[in-house]
Amino acid sequence: MGSKYKSLKEECYEANMELNALGLVIYTFGNVSAVDRGNSVFAIKPSGVPYETLKPEDIVIVDYDNQVVEGKLRPSSDTKTHSYLYKNWENIGGVAHTHAMYSVSWAQAQLDIPIFGTTHADHLTHDIPCAPPMADELIQGNYEHNTGIQILDCFKERGLDYNEVEMILIGNHGPFAWGKNAAKAVYNTKVLETVAQMAYLTLQINPDAPRLKESLIKKHYERKHGKNAYYGQ
Amino acid sequence: MGSKYKSLKEECYEANMELNALGLVIYTFGNVSAVDRGNSVFAIKPSGVPYETLKPEDIVIVDYDNQVVEGKLRPSSDTKTHSYLYKNWENIGGVAHTHAMYSVSWAQAQLDIPIFGTTHADHLTHDIPCAPPMADELIQGNYEHNTGIQILDCFKERGLDYNEVEMILIGNHGPFAWGKNAAKAVYNTKVLETVAQMAYLTLQINPDAPRLKESLIKKHYERKHGKNAYYGQ
Amino acid sequence: MGSKYKSLKEECYEANMELNALGLVIYTFGNVSAVDRGNSVFAIKPSGVPYETLKPEDIVIVDYDNQVVEGKLRPSSDTKTHSYLYKNWENIGGVAHTHAMYSVSWAQAQLDIPIFGTTHADHLTHDIPCAPPMADELIQGNYEHNTGIQILDCFKERGLDYNEVEMILIGNHGPFAWGKNAAKAVYNTKVLETVAQMAYLTLQINPDAPRLKESLIKKHYERKHGKNAYYGQ
Amino acid sequence: MGSKYKSLKEECYEANMELNALGLVIYTFGNVSAVDRGNSVFAIKPSGVPYETLKPEDIVIVDYDNQVVEGKLRPSSDTKTHSYLYKNWENIGGVAHTHAMYSVSWAQAQLDIPIFGTTHADHLTHDIPCAPPMADELIQGNYEHNTGIQILDCFKERGLDYNEVEMILIGNHGPFAWGKNAAKAVYNTKVLETVAQMAYLTLQINPDAPRLKESLIKKHYERKHGKNAYYGQ
């Protein structure tokens, strides 16, 4: 008899394989989850399984308290970060975490990614935040749960809205991204990686490159996401 | 019954798919158009449709006043920039716009790309111009139309001829390129991206790298484009 | 009649081909070996044979004194380095050597790769060591054997354990990596190359980027390799 | 009836296609030739024909005075440089010219590529020379012929032997490479491009990176090319 979570697992599987196809992960360096709000569970990649051998039936179903509801494998070691985000941010449907090259490099540099151009402004109006590394006692404690707290604290402190800013860097670690579903979380991971590379190159070419001016930030964001948006179908 | 614009749509579709094959776009980050001078219309990519799912019949036919002549989808949000160029530059047959990595990085750096070598001089004799970002009132107004004005103003101010210089960077945004047809606009986009990467690397290796000397600029441009050209068949 | 080393040769062949598939080698610029501890021999790539034409039966079986036990071709010119490591480090099952781009560039820069992030700490808790170039008399002597000595001397001097730190750079030359088998040696070569690129980019973005703090180094290494590890299946 | 140069054309065609497969050319930015010493002719790519559509029968046969011996198409615009090299360097069997990314960037920087590591020393014992741009009167004269003179002058001035140093950069232009046949010329073009990227990265990581010491240069070159060479089969 089939699982009631079959389509959720498939959505999660497809999103994970897309991470791999887009060159955002090697080996086991990443994971995507997809939530089922009606049943208060989410599907997530099993821990340490390479993308080359991953199958839809390997995907694990977990509840918001990190208990396995269905699946034979252990879920991603980052599961508690995913659950914390789902519990606190009710509008998101998918979360992705990777060690993508340029995103990680900015995270290791412990710097926000400045908004330099319209590619960035097409997606968000703020610099991409880099949360500082956690305090030692939080690292030694419930680490992955505390990573979720760290993300929310960073958003609170800076007055950011997770509905607009759908990505963050964790200092010394790497990117998390989210969105209305798992595919959108993967899309945002790719956008972040692209913008991270562009910002790196921009500063190599001109260390004094100016931030994008407010009128252009607003114009590009609004034409795609504003109430009079005219981008797309 | 078939459309009278069937072959125009196919030319436009092929050029858009070539952008993707050449690694110049991800997702929906670019668009190419192809003009039909006899009928005073052009074919352009629909807005927000990913290259993976784009079909020839999705291409939209638009007139020079941006009215849709044929097609069920909304044309690219950059349509008014394309139409402005077609209306004002009678010799061009295709226009391409992308967010290609190295071209965008120079645009974000707000710097012209200096002519450093023969790869550049094989295609044009000037630095590749980077137009400054527009004034705020132009951004808040008819933005995409004004982007066209910005391009022409930059060419007028610098005394450039669009028949020779077939590419430009818009400050903080990205590249536009054109040519006798859509395929040539895509070719010029790839040449610009290649030259942009070479110039970036050149300055990393030697920040004092000299501009190419006039005799070499002239020699390489003339052997390919001069009246005694001997390059090609 | 088949060779008693058939499966050993195949393990070695597959690992060599994986180096190529992962973009870690061009032409003949690398080699992997796999040991058979029971028979005190190892299988290694033949010298100067391109990956494009390599076949499992080309793999050469050599003993710890570098004598060919089976095979018609001459073994890799680096064979004596491999045998020295097998003889002295009883727990390793595979060794890989390449001229991968970013690893070689750090080796040519004669610098250790600093531990900047969790991607690094997921695999080892120390900076990746770069051994200095050998003294002239050792180079003029039994060069490849002395390369093995150089590796062990570097580990002794710095108090490193080859069971934890499974990779090294040889100054001005390139990377060696090892592991419980040939596939793991290749995996470590890819991890080293990835971490090398991340560290390079990190320093380009922020020349003052801080080293990863001890609590995070410990947390990430322990969750994957500690006695209470909870990463993987 | 078949051409007596059929196999020469095929050798030349295969080598040109290999340039493309190795990512060393885009569009028409490169050419390889192969010589037939017995008949005092060489086969070369036709001018301006893209690699995507190139066929073996398009290859042009030319004599050392640049006269077309067989073929319907115009030979490469760089033909006179190739013929000059064949006429003056009797041991070479193939010549390749490209606009490969990192090689061109060093050429535009007008700098020799320093010998930083064993990857370089495995192939030659000198820095890779960058010839200065030609005097204006030579550029305005018989340009491609004079490019050949420029290459030989650079070798003479520096006391280099074309049998050992099989590559050069032409300042502000790009690389030429040669070898015993066309395939070796392509191989050397790829080695040059790889070494160029490694040297660029090395200096980015450590601007004070030291040149490889003489004992290592000699050891690596001799083990592959010396009279007691033990690399390869």
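Here the chain labels run A, B, C and D in written order, and each chain numbers its own residues starting at 1.
Note that in this section a contact is a pair of C-beta atoms (placed from the backbone, for glycine too) under 8 Å apart; a residue touches a chain by one contact, two chains touch by 3 or more.
Chain identities (UniProt): A, B, C, D = L-ribulose-5-phosphate 4-epimerase.
This is a predicted model, so every value here is computed, not measured.
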Shared interface numbering between subunit B and subunit A [over half = same, under half = different]: different
Subunit B-subunit D separation of Cα centroids, rounded to whole Å: 33
CA centroid of subunit A to CA centroid of subunit D, Å: 46
Set of subunit C residues in contact with two or more other chains: 204
All pairs of touching chains, each written as two labels joined by a dash: A-B, A-C, B-D, C-D
Of all residues in subunit A, those that touch subunit B in their complex: 116-119, 187, 190-191, 194, 197-199, 201-202, 204-206, 209-210, 212-213, 215-216, 219, 223, 230-233
Residues of subunit D that touch subunit B when the two form their complex: 26-29, 46-49, 73-74, 77, 99, 101-102, 104-111, 133-134, 136, 139-140, 143, 172-174, 200, 203-204
